[in-house]
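Order of writing sets the labels: A, B, C and D. Residues in every chain begin at 1.
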Amino acid sequence: MDYQAILEEIHEEIKPEIGRGKVADYIPALSSVDPQQFAFSIVTAEGERYNVGESDKNFSIQSISKLFTFTLALDIYSRDLYKRVGVEPSGTPFNSLVQLEYEQGIPRNPFINAGALVITDSLITHYHDDYKAFERIINFIRDISDDPTVSFDPEVSTSEMDHGFRNLSLAHLMKSFDNLDNDPRTVVQTYFKQCAMSMSSEKLARAMLYLANGGTDPLTEKVYITPQQTRRINAVMLTCGHYDASGEFAFHVGLPGKSGVGGGIVAVVPGKMGICVWSPALNKYGNSHAGTLALEKFVEKTGLSIF
Amino acid sequence: MDYQAILEEIHEEIKPEIGRGKVADYIPALSSVDPQQFAFSIVTAEGERYNVGESDKNFSIQSISKLFTFTLALDIYSRDLYKRVGVEPSGTPFNSLVQLEYEQGIPRNPFINAGALVITDSLITHYHDDYKAFERIINFIRDISDDPTVSFDPEVSTSEMDHGFRNLSLAHLMKSFDNLDNDPRTVVQTYFKQCAMSMSSEKLARAMLYLANGGTDPLTEKVYITPQQTRRINAVMLTCGHYDASGEFAFHVGLPGKSGVGGGIVAVVPGKMGICVWSPALNKYGNSHAGTLALEKFVEKTGLSIF
Amino acid sequence: MDYQAILEEIHEEIKPEIGRGKVADYIPALSSVDPQQFAFSIVTAEGERYNVGESDKNFSIQSISKLFTFTLALDIYSRDLYKRVGVEPSGTPFNSLVQLEYEQGIPRNPFINAGALVITDSLITHYHDDYKAFERIINFIRDISDDPTVSFDPEVSTSEMDHGFRNLSLAHLMKSFDNLDNDPRTVVQTYFKQCAMSMSSEKLARAMLYLANGGTDPLTEKVYITPQQTRRINAVMLTCGHYDASGEFAFHVGLPGKSGVGGGIVAVVPGKMGICVWSPALNKYGNSHAGTLALEKFVEKTGLSIF
Amino acid sequence: MDYQAILEEIHEEIKPEIGRGKVADYIPALSSVDPQQFAFSIVTAEGERYNVGESDKNFSIQSISKLFTFTLALDIYSRDLYKRVGVEPSGTPFNSLVQLEYEQGIPRNPFINAGALVITDSLITHYHDDYKAFERIINFIRDISDDPTVSFDPEVSTSEMDHGFRNLSLAHLMKSFDNLDNDPRTVVQTYFKQCAMSMSSEKLARAMLYLANGGTDPLTEKVYITPQQTRRINAVMLTCGHYDASGEFAFHVGLPGKSGVGGGIVAVVPGKMGICVWSPALNKYGNSHAGTLALEKFVEKTGLSIF
């Protein structure tokens, strides 16, 4: 298939939709991003790269980072991880406290904020220190994106912390249920640092390769997790990767994917490729408007749905 | 792959688990079923059939019927159907009223009871009559299972009606929100009749073929729905097919599937086969205990996960 | 105190507020009522009567009837009644299903619809028949209002039944939790008949005397319930009598009271008098707008709050 | 009435109940309290004092303090206070986040923890400083109890802070909804200090006199709030003073009252007296078991219910 031609076709068709929706505005560092941006990148298991748009422009990966910390925690804790976080869709917005209270501090899945906080907490516990835990996170992301320069934007993470009251509320609630080992502020701070990682769509598509290839990077041959663990991460992405619109995404796109409020969406075609699309303006569910539509077009044109 | 050998291996391994859990006991017709039964059937897109256990024994298909009425309604109403029922996982038990009330009578998806009632209501409206609607449902199921003798068990449906207070509550609630066209009792009665269809695992595996083959029966070449509609039904099965354990099922099995309280679970491997497993004793989520484990083993042994 | 002068003063002051708000519009029989009506009646324990406005005009007593069936059921079942219905404020709208489902079919109190349905069901069970139960209800109301002609409006009750889907939903839900003895439709029908009782503000003020006088009618000396039961009914009126605005009513008025969507509000000053105010236009909580304000003024002018 | 005789009679009758239930155990400072203690104190508007049991033994007033900060805030902000906190019963446990999230950070009433935190926050804002705000609180309590030595127990407040994750969660949630002016930790800390006030039942009964007397201390003639404000505080006590058992308390006791997990319950008979009963072991609702029963007996014996 001529992926480059397909991406260009999508880019052309999607233009009227770019900038529609609303850029995340809860912190200045995100609200000032130009909504008129778009990128679509593919990296195949053979290492071929296809890009359109601003595919080398860095953006804040935000919740996409949850995928990477989930991978690290699953590798460390294996099944034991599921004592502290479930794998069910939440049926409620990503940062809701209702279900968390009703379910005694056990978050529904690793992709709602509460779940991601538990995952980060588990890494801090394992590495005995929040700095070491974050070092491990950043090194892992550098590894899978095959780029040792990838880093985080301290302006973003500081700004998140200044407005992070709801995440602090979630963290304290879980602490009250004994489902957080470390100081809630430390956990939230580390979490905001991982969310503030800056990456381009090309790097993120590259970083997804291990999930398209049974847990092993097909280019470097580094083994990160088992094929079974990989399938399971992909399953959780499909059922829970887009907050309260996960069903819609499975329904319209049909690929395991994960979005972030920075406007990025990553996805995998198992066995074939890593994908990243980026456009900062979000739909009402908090997922990239143009990005979601572009992925829908991609699946229609290529037939690469898993269904 | 030698599917027959794999099924026999699974049958052997699963024996200690058969009968564990609890047979549905809310109506006598279901509670009297012998829990020590098990069947596993595969029908491939080429028409090959593989069976182990009591694969020709009829059981009550119950919620599996929701898949077939969803197909009919999607064919009739297309996108308009989604004005009356969503495609998101519910995050709450299959017959909960909470979310339905909060979301103004629009059920989360076609596989929770409320959603299935709306679907059945839409068929009654289309066929102007509950008997004609049910005739259409039964004929469709006969068609896809390629067996004109398939029928429903009136003892089961009558018994359901005698204990159907919660479904009547759901139906009246949706009626109060104007999301039911017809008399709530009539809708519930028709719904219980579709649930009371009696089929064997072999027939159900056969009936799933159109969903494994883009909406067209690969053996009879009858076209039921479009490939896109098929992908979407499969996506909804994956995210919502197992009530409050849909995430677990996607996580452990990784195939689009739908369970019923009669102990049946159907699934598809897109492009390849229809599957049905049956064992009456249920786990705490209301899904067949041995059936779920058998499917998990099947995916492990064959690698046929969609992820 | 010159109650007549006070009522006239209130009538004068309240005029700009009469008709503000919205007449109940869920059934034609209620929506056609002229909103520009107002009445305020007092009957003291000594039998003195004070009236202003259309105090002899009959209106639909609606939920005020819950007070009378609660009295009858308490007399019959005593403490056992509280196994089936609580005495706590609900914190949610009067006809919500959420709490009822969460609390396993046990309604929070006798004044939300679910609670009133349980009460009516208990009367049908006691009298072995819905007609006899309703006869008892109507005779009790005739007794306490000292008027053998008081009756119900069949047009209203029939119209309620045609639009009663939510109450039918509540009744079926409780039936599914085994907290309803009789057929849900029969219970709802009887409930709608009690709600359709037609009474004037003067008759209702008269009917409240037994609650102002420890359970004994001070004029006829008939004993209905014990002083302790009376205090408890009054307490439930204070904490739960105005749906989701019960706190507001206690806060602003400070008298045990019960409202109905027909625009009536009854109240008692323990030891002193029965009160009824009526004006059909309702505030956002479903309580009479002018009626609530008039009672607030009454308490301000007389200091007759229980606090 | 011979109050002393009545109190002694109650003391005798209540003995088998003292110690039944469970002492608050979430912090060491409370869990080590001897459950076999009981006190009952009355101070009349004329200044007569009646006591039984350990009526001069100090205990942690805990949530009873919410009454005093509510008084101060109502005096400062008047009606404007109700923009930030409601007066409706919550229908859910005292520290639930569900309703708070659903209602956008506006607590239901000043007596659930969230509401009390908002009240304390409003005092910190008014006095520009948490130390000054707390100084005002402590001085007010010294004033109304007519005892300049009343103080707080720093061991209790420090211990609360160490286990205060749920209150920190509530505070951060309200901050995220912009319903907290000050730093959430500072607010929670000040709140824990007010809860850690140590007082005897006699002092608390004395402190309630202004609420039994229209806002003016009948002995010192100091005016704290208006009669109308007093009636309203009493109304909120009645409808919301005992968490999720407020209806039960109104039903069984029928007096405006407020309980604390230290085992104290204060109440007023409007126009007549301030009351405090204390016994550390709590019932399942978190209210003093023996204390609640003792008050019930008091009302039965004296007929001093407001209903």
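Here is the rule we go by: contacts are C-beta pairs under 8 Å (C-beta built on N, C-alpha and C of every residue); 3 or more make two chains touch, one makes a residue touch a chain.
Given the structure is predicted, the values throughout are model-derived calculations rather than measurements.
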{"item": "Contact-graph separation of chain A and chain C, given in steps at minimum", "value": "2"}
{"item": "Set of chains adjacent to chain A and to chain B", "value": "none"}
{"item": "Chain of greatest Cα-centre distance to chain D", "value": "B"}
{"item": "Mean-CA-position distance for chain C and chain B (Å)", "value": "47"}
{"item": "Distance from the mean Cα position of chain D to that of chain C, given in whole angstrom", "value": "32"}
{"item": "Distance from chain D to chain B - Cα centre to Cα centre, in angstrom", "value": "55"}
{"item": "Shared-contact residues (touching 2 or more other chains) in chain B", "value": "none"}
{"item": "Chain pairs that touch, as defined at the top of this document", "value": "A-B, A-D, B-C, C-D"}
{"item": "Touch list for chain B against partner chain A, complex", "value": "86-92, 99, 108-109, 228, 230-232, 234-236, 238-240, 244-248, 250-252, 254, 256, 270, 300, 305-307"}
{"item": "Chain D partner contacts - residues on chain A that touch it in the complex", "value": "96-98, 101-102, 165-166, 168-173, 175-176, 184"}
